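Each of the two complexes below includes chain A, the first together with chain B, the second together with chain C.
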Partner chain A sequence: MHIMEGYLPPLHALAWTVASAPFVLVGARKVAKVMEEHRETRLLLAASGAFAFVLSALKIPSITGSCSHPTGVGLGAIVFGPPVTAVLGSIVLLFQALLLAHGGLTTLGANVFSMAIAGPWVSFAIFRGAAALGLPQAAGVFLAAMLGDLATYCVTACQLALAFPDPASGFGGALSKFLAIYAVTQVPLAIIEGLITVVAVNILVQHSRDELCALSFLKGGALKGGAR
Partner chain B sequence: MLATDRHAWTNRWRFIHPGEKALFVAGLLAADFALPALAVAPQVFWAAYLATVTGARVPGRAFWGVMAVPMLFLLAGIPALALSLNLDGAGPLLSLSPEGLALAAAVSLRSLAAVACLAFLILTTPVPDLLALARRLGLPPALVELAYLMHRLVFVVLERASAARQAQEARLGYRTFGTSIRSLGLLGGGLFLRSLDRGRRLDLGLAARGYHGELRVLGREPELSVKRLALAVLAVLVVVALALVQP
Partner chain C sequence: MSRRNLMLLGVAAGIAALPLLLRADGGFKGSDDQGSAAVAALAPDYQPWFKPVWTPPSGEVESLLFSLQAALGAGLVGYYLGYRRGSQRRREDAPRAGD
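Let's turn to the complex of A and B:
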């Protein structure tokens, strides 16, 4: 759900950048501290970020015949926790703009807010909530990834509706327009991404206890509790 | 291998200071946002195109290749802007208004021109150069350091991903919808493990060579040329003038 370069009016672009900055800076401070204290984590973090970029570039099958890409929002939030995901996600979004012209530099703040902040926090909260309710882990992962995806898309629709309110029905009308247009592709995609994330988390839990332990310096990742 | 990356390293303006190219792009973007879109956007678009294709000698095909996907998205977004939704009457009513059409045209043209500026920047400037520029402009050093390492590893992981995908396809992993979901999940999870393993081995290798958290590389530092900075400003002014004299 990238908003393209130049699509948002300058004031909106600036406002979303200001809104995203604190989240990214807090995450960056945390990452910097971890990298300082545990030198060996630098490359693990970099590898995780590179993985996130490549994941977002993989084509996933779509029911409508078009192809699309996973966001990795849920997977990131579950494995790393939201603050670190905000940092890695921001760099991934920057690379998507700089290597693929996907998204943009002026709209980076808005995209970071929807994809690296709002989506991961929703996923994280749902994953935790599902665990607290005693749902099976697979159900939690599925719901977290799917609803995180949907949250991302709702936030993007809000951003667009705020920027371009409908001349007749204002913000509400614009919001329903943007939601309706993207619902056709986004709802099936969210479900598909949920399914894929379940398979991916299963393989991580089965085969990579060690790697997840190595990542346990990233306090806040939600998976460790479930991956015993 | 990504097309943008290849051209970024091989184009004629590769060794021009990134600050000069960034100034040109920033100027074009400012003009694009400040002036009425219908007047300025075509000029901005062609300025970015000419700079990329004539100036930096990047093949026109590469430029259009970068533009193709954003152009499709812009087309898809037009109905949402052009159609107006009225909720007051009996049931929702969609209508096409002149203001809506004008808004859709303005936003789409403005965005198209802005994407062209981005295309110029990424087709002529390698990502590490831009990161160095971002560091000078005040991005936190830890973020920049992480981004450097990530940039290197992205290409390693991309190669792995395409090899793994090919192997899965050869084994009919994407034959039906169900197997596709399963294959993609396995690909994602497996790729993550591979990436971490790769990172860990790289770290070990570097540590054995005395790595202390900073990679010092001897780079070719391009000089900031006042003449070229002035040229960039002049080019932007010409674009603005062309937009203003238009009826």
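Let's turn to the complex of A and C:
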């Protein structure tokens, strides 16, 4: 989902940066608030960021014969909420842009928008929706992480199609090309991310009850109790 | 680690390994690079207008940094889980020690 450095025209790069900035700023304030009001969750916050660090470093082969990587931000979105996750995801993307020439500074805004904003919000909405529908918690976590991962790659495809519409078939034609590269490849990886996130939440429910209660993750009927 | 979690991780590993067996012909290039290639095909005249501030000089150095990223992350996650387990166990033992 990394749009490489310089691969978005200046106007698009600027627009996505402007679009992403408020989310990251609000997120930064939320991070400060969480660290102050729930000091006991600091280490969990660091671990959630670390989880995204690990998962987004793993290039995993896909059935399309190419490789891609999970995002790892679904966990943060479920436990801490999307605003905090916007910050966690931005840190990962900045690290990769500066040290790995993966993504870039001019495309940071667009990449933050797909991986640190759109994906986490989709995860969060699906997790809440699944809980409201009374689905088992594990199913909600799986769907949230999987579809959030997939959403990130669909947003990347849209961003590139907006910037580089097909000369003949326009935005739609370009979108189907980019979706074929990003979204189709991502399907098995999204499933992997869903499964790993379920395991992570199972472990947290078992060992980090206090923190999850402080973050109100374990409040409410549907979320009570251990892994089901 | 519960049996259920191990099973889930096993399935995840299987999904990751399967393409290597089924698509032995695949080049397994990165989708990000394919995306850039698609841009070049759609807009042949487009020139990336900004260069990465720093590029790892070789594939080896790049894999070093990717491994570091994963290792740092995994180390922190492991530290957190160990810390939590330890403090949970201490709390469970505490009432007995207090008697």
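Throughout what follows, the second predicted complex is superposed on the first by the 173 of 228 C-alpha atoms of A that agree within 3 Å, B and C clash if a C-alpha of one lies under 4 Å from a C-alpha of the other, contacts with A are read in each partner's own complex, and residues count from 1 in each chain.
Convention: a contact is a pair of C-beta atoms (placed from the backbone, for glycine too) under 8 Å apart; a residue touches a chain by one contact, two chains touch by 3 or more.
As the structure is a computational prediction, the values presented were derived from the model and not from experiment.
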{"item": "First (chain B), second (chain C), both or neither touched by A:Leu147", "value": "neither"}
{"item": "Touched partner set for A:Leu44, first chain B, second chain C, both or neither", "value": "both"}
{"item": "Which superposed partner A:Thr156 touches (first chain B, second chain C, both, neither)", "value": "second"}
{"item": "Partner chain in contact with A:Asp166 - chain B first, chain C second, else both or neither", "value": "both"}
{"item": "Which of chain B and chain C A:Val122 touches, first, second, both or neither", "value": "neither"}
{"item": "Partner chain(s) touched by A:Lys177 [first = chain B, second = chain C, both, neither]", "value": "both"}
{"item": "Which superposed partner A:Phe53 touches (first chain B, second chain C, both, neither)", "value": "both"}
{"item": "Touched partner set for A:Ile191, first chain B, second chain C, both or neither", "value": "second"}
{"item": "Residues of chain A that lie at the interface with chain B and also at the interface with chain C", "value": "4-7, 9-10, 43-44, 46-47, 49-51, 53-55, 57-58, 60-61, 95, 97-102, 104-106, 160, 164, 166-167, 174, 177-178, 181, 192, 195-196, 198-199, 202-203, 207-208"}
{"item": "Touch list for chain C against partner chain A, complex", "value": "1-2, 4-5, 8-9, 11-12, 15-20, 22-23, 25-36, 38-39, 42-43, 46, 48-56, 62, 65-67, 69-70, 72-77, 80-81, 83-85, 88"}
{"item": "Residues of chain B touching chain A in the complex", "value": "2, 4-5, 29, 32-33, 66-67, 69-70, 73-74, 76-77, 79-81, 83-88, 92, 95, 97, 99-100, 103, 107, 110-115, 117-119, 121-122, 127, 130, 140, 142-143, 145-147, 149-154, 156-158, 161, 165, 174, 177, 180-182, 184-193, 195-200, 202-203, 206-207, 212-213"}
{"item": "Complex contacts: residues of chain A adjacent to chain C", "value": "1-7, 9-10, 43-44, 46-47, 49-68, 95-102, 104-106, 156, 160, 163-167, 174, 177-178, 181-182, 185-186, 188, 191-192, 195-196, 198-199, 202-203, 207-208, 227"}
{"item": "Complex contact set, residues of chain A against chain B", "value": "4-7, 9-10, 25, 28, 31-32, 35-36, 39-40, 42-51, 53-55, 57-58, 60-61, 70, 75, 79, 87, 90-91, 94-95, 97-102, 104-106, 160, 164, 166-169, 172-174, 176-178, 181, 192, 195-204, 207-208, 211, 214-215"}
